[in-house]
Amino acid sequence: MGSIPIVSTTVESTAVLLISCPDKPGIVAAVATWIASVGGNIVHAEQHTDVSDAMFFQRVEFTHASTTSLDTLTAGFQAVASNWSMTFTLTASPWRPRTAILCSKHLHCAADLLSRNTYGDLGLDIAAVVSNHNDAAPLAESFNIPFHHLPVANTSTGRQDQEDQLAALLQSLNVDLVVLARYMLVLPPALVKPWTGRMINIHHSFLPAFIGANPYRQAHDRGVKVIGATAHYVSNVLDEGPIIAQDVAHVSHRHDVAELTRTGRDLETVVLARAVRAHVENRVLTFGNRTIVFG
Amino acid sequence: MGSIPIVSTTVESTAVLLISCPDKPGIVAAVATWIASVGGNIVHAEQHTDVSDAMFFQRVEFTHASTTSLDTLTAGFQAVASNWSMTFTLTASPWRPRTAILCSKHLHCAADLLSRNTYGDLGLDIAAVVSNHNDAAPLAESFNIPFHHLPVANTSTGRQDQEDQLAALLQSLNVDLVVLARYMLVLPPALVKPWTGRMINIHHSFLPAFIGANPYRQAHDRGVKVIGATAHYVSNVLDEGPIIAQDVAHVSHRHDVAELTRTGRDLETVVLARAVRAHVENRVLTFGNRTIVFG
Amino acid sequence: MGSIPIVSTTVESTAVLLISCPDKPGIVAAVATWIASVGGNIVHAEQHTDVSDAMFFQRVEFTHASTTSLDTLTAGFQAVASNWSMTFTLTASPWRPRTAILCSKHLHCAADLLSRNTYGDLGLDIAAVVSNHNDAAPLAESFNIPFHHLPVANTSTGRQDQEDQLAALLQSLNVDLVVLARYMLVLPPALVKPWTGRMINIHHSFLPAFIGANPYRQAHDRGVKVIGATAHYVSNVLDEGPIIAQDVAHVSHRHDVAELTRTGRDLETVVLARAVRAHVENRVLTFGNRTIVFG
Amino acid sequence: MGSIPIVSTTVESTAVLLISCPDKPGIVAAVATWIASVGGNIVHAEQHTDVSDAMFFQRVEFTHASTTSLDTLTAGFQAVASNWSMTFTLTASPWRPRTAILCSKHLHCAADLLSRNTYGDLGLDIAAVVSNHNDAAPLAESFNIPFHHLPVANTSTGRQDQEDQLAALLQSLNVDLVVLARYMLVLPPALVKPWTGRMINIHHSFLPAFIGANPYRQAHDRGVKVIGATAHYVSNVLDEGPIIAQDVAHVSHRHDVAELTRTGRDLETVVLARAVRAHVENRVLTFGNRTIVFG
């Protein structure tokens, strides 16, 4: 009887490389050549050149032998990156970021994220649901997610105290991503800063229209025929961070504020989920106050 | 031989009644009863009650014997209107408003309106194309519409002189409707005032976002993922009048300002045409700074 | 001390009247006059005349003294209805229909309906979640809704037996509405018949494109650039009943079948919820195989 | 005084490379390396891997020294193409294809294409407007485009004769692109064949729904809530060719067939223009019956 042949089955892993650098001839070739040199195979690649700013952006998804670690690849790519003045990240795919979800009294966005995650639609490792109210406690419990109630005490230092607790909690949770799923308290710059590019908010309007409070009331009073929702990275300035995703719905005079709010909820949940998914799939690059979201 | 039977073939006309009044029980019955009393038959009717403002709005399209004139009907309805404190208009349908189209150098909206009108898509009686530039002259000529060139002289009174000429021209044309089809000069309040509710502008953004000049540049710099166009009645305050129609398109980082502009042109033409048609069909009521646009 | 003034505070209830009848002059007046005659006040009214079929449809929402019962009103309106050959329903508003939700293995629609209902977005009295699989058991439990598992036994009469059990269960539950929230077994005509106009299905395509199984696979193979979802009343013929709501999303070559499916899920949940809400608010009339959905 | 320095100002041209081939590791690197080797600089590049079919598709837009001709580049790339079993085209950008526009009695699409082309929105070299009716003659004349009237004689061979004339005319015009802008006669396979991948049709429905005649009538009778338009390459089978672009609009019971038709016209014009522009910019690859349309 013949011997069993030894089949060299290489186990493959997938990684995503995100690059930003000044535009120059030869970048694409340099990246592709490097990937080929480490035995990688490009599965998807997308580039964007911002002509007015002379900047180049690229997302490359490639497979590589699982025996080659991400650290090894990162170290290897460093030389290419230096040569082309690149900023880059190299992340395993799928990536399962440890995530905190913050909400207040409106629970549709938080419920939707928890629900999608159970279908494998998002791929989050949800570490906690955090809220200044306790309405979300049963929701978190039904999905077996730890719930943290951080109420604002009615004292002169109540707000500051709560912010300190929240900052400490987020640090101690050691999360990769913070999602503000209709968290209705404005966060101070010091709290936001450590999470730059890792904190996503849903604003219930088509920004930059209707910045600030009660956007559906504002939309009603202006008599618009379209409403929207905007998911964006949080920056120091309220509602001014880089926009990741937006969507809109047609409305009419028949929509009073309550009906606008109801229609808007569907937008908010879908837009926030879309932004979170793009972030988790490492499809978002920021440049100044804008994003490149690869398809 | 038998006598020839006398067949009463009534020739029918159609009229549109637009009503605004404080909301009270019985309005719909009062209007419907009056229409029945004059031998009319309701073809379409739509109501809207604004609960927060306690206002009632209605559009009724009805047929009536052609032998009963619109003036007779209007006089007859006056008693009902007084009783219920109504503001109303009664217009023959189809209505063919005498119209002036104003444009500057971007001709897509003007060309589209002229083109649609030849297909019977708008029902305008276009009296003139008017512009501060003469780029539209061949366009107007190809559609056999008189063209008026009102350039702004490079003098200290140039702008004022041109505005005076424009005001006089619009009066002398005796038009029912003025359409600003990408007319790029801001009009002074005194010129706008006589045309309240009869002058429609297309703004190349999703108002109230990106008010003022270069909205596509503004949209690009803010990094929005959706752009829009807004058709509105012109009021004293720039870009602040009642919105009649809006539409939007999804965009991405791949759209530079030129591409946003190109994508936006399709929105502008469609939105302006939609607003003009709604106006011509007497489907628009204004209340404060909002509109009710019946379907 | 002064006497306490007697204030006549009438407690008001709201009802919705849905009417279909051959079009004739005077219907609107007759209905409005009757409502005024019973002391009612019209809050919203919408009519539609189908000119080609000479049919008239109306939805009237009106307030009436709570002391006048719906049965009294219904009896009173019968004379008007007979005179104009009307089919009508008169329902209290808000209406809270007792509802069964049927699903299989894909739970996003069922989860969404349960979730919305807790926010008061739908107003359902959910009597049961029913499924041929038991995947939905924990979901139903987390919302405190009874779950019924009706598996199909792997026998020659398994399918028939399960259909008999389902028919009996729906009868015994005494529900007003059955929602097929991605229930993946085709129902036989005899089971469907008692629920005509009261059973809503979500089909995961833009009907009539891609009837039948695996519509996202079909959409991918045809290379469409838009996908859709359709909510419709269930009729005897598969995927042929009157359409209540549809929505669509743009897709591209980058969407493989899995990605189309994922994108489609958002459409399915939103479209089904929209259709259910329209039904619950008594905004849907059917005529032949079409619907009139008042705004 | 110093001498004037000699500045080597290279004049640059732009070209677009479109590639289809079996997917293998190293393709992107091979293409990018070749472009760098001829002194080219990649401006935009987009790839797509169809995993289920193991096919790779790429569009690369690059600049090169104008002194290097397209023929030279094509010859040079041949070796790379052979090595990777590629099908490819290499085209100068912007490309100004010589184009024939065919229409019948509905002129909105033809008028729109002519109008856009005057704004530089399409970049066509329009050689002729051709029709089986003469309604378009004044339109063509107003844009100074030759018009060819090819009526169908009312004889037993009338249709065949006209098709022969049309085939001969298209050959003699020596066009690169044929656009069926609501040309209402079905073309026989023999006429279509020479124009495979170079003949674009607009169908007035969301294909594959409502194939064939009177799609707006079909849409009305089915009671759909969304209508669409589809631009596709023409293949032998009616309405079955690869889809390039689609768009949709929401409609309701208020839209009778005439209103659906009117709403649909806006879709048709925009969708056809979008497809033509994608083709002109060499952004479309076909694979089987599907297209890859790069962004």
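Letters A, B, C and D mark the chains in the order given here, with residues in each chain numbered from 1 onward.
The rule is simple: a contact is a pair of C-beta atoms (placed from the backbone, for glycine too) under 8 Å apart; a residue touches a chain by one contact, two chains touch by 3 or more.
Owing to the predicted nature of the structure, the values given are computational and were not obtained by experimental measurement.
Novice: Return the chains common to the contact lists of chain A and chain B.
Specialist: C, D
Novice: Which chain's centre, taken as the mean of its Cα atoms, is farthest from the centre of chain A?
Specialist: B
Novice: Check A-C against A-D and say which one is joined by more contacting C-beta pairs.
Specialist: A-D
Novice: Per the centroid of Cα atoms for each chain, what is the distance between chain A and chain D, given in Å?
Specialist: Going by mean C-alpha positions, chain A sits 37 Å from chain D.
Novice: If you average the Cα atoms of chain C and of chain D to get two centres, how far apart are those centres in Å?
Specialist: Centre-to-centre distance between chain C and chain D: 43 Å.
Novice: Out of chain C, which residues touch more than one other chain, so two or more?
Specialist: 48, 51, 252, 254, 295
Novice: Residue numbers of chain A touching chain C in their complex, please.
Specialist: So the residues of chain A in touch with chain C come to 107-108, 111-112, 115-116, 119, 121, 142-143, 252, 254, 262, 265-266, 270, 273, 295.
Novice: Which positions of chain C touch chain D when the two form their complex?
Specialist: 48, 50-52, 57, 206-210, 221-226, 228, 242-248, 252-254, 256, 289-293, 295
Novice: Considering only the defined contacts, which chain D positions touch chain A in the complex?
Specialist: 25-29, 32-33, 35-36, 40-49, 51, 250, 295
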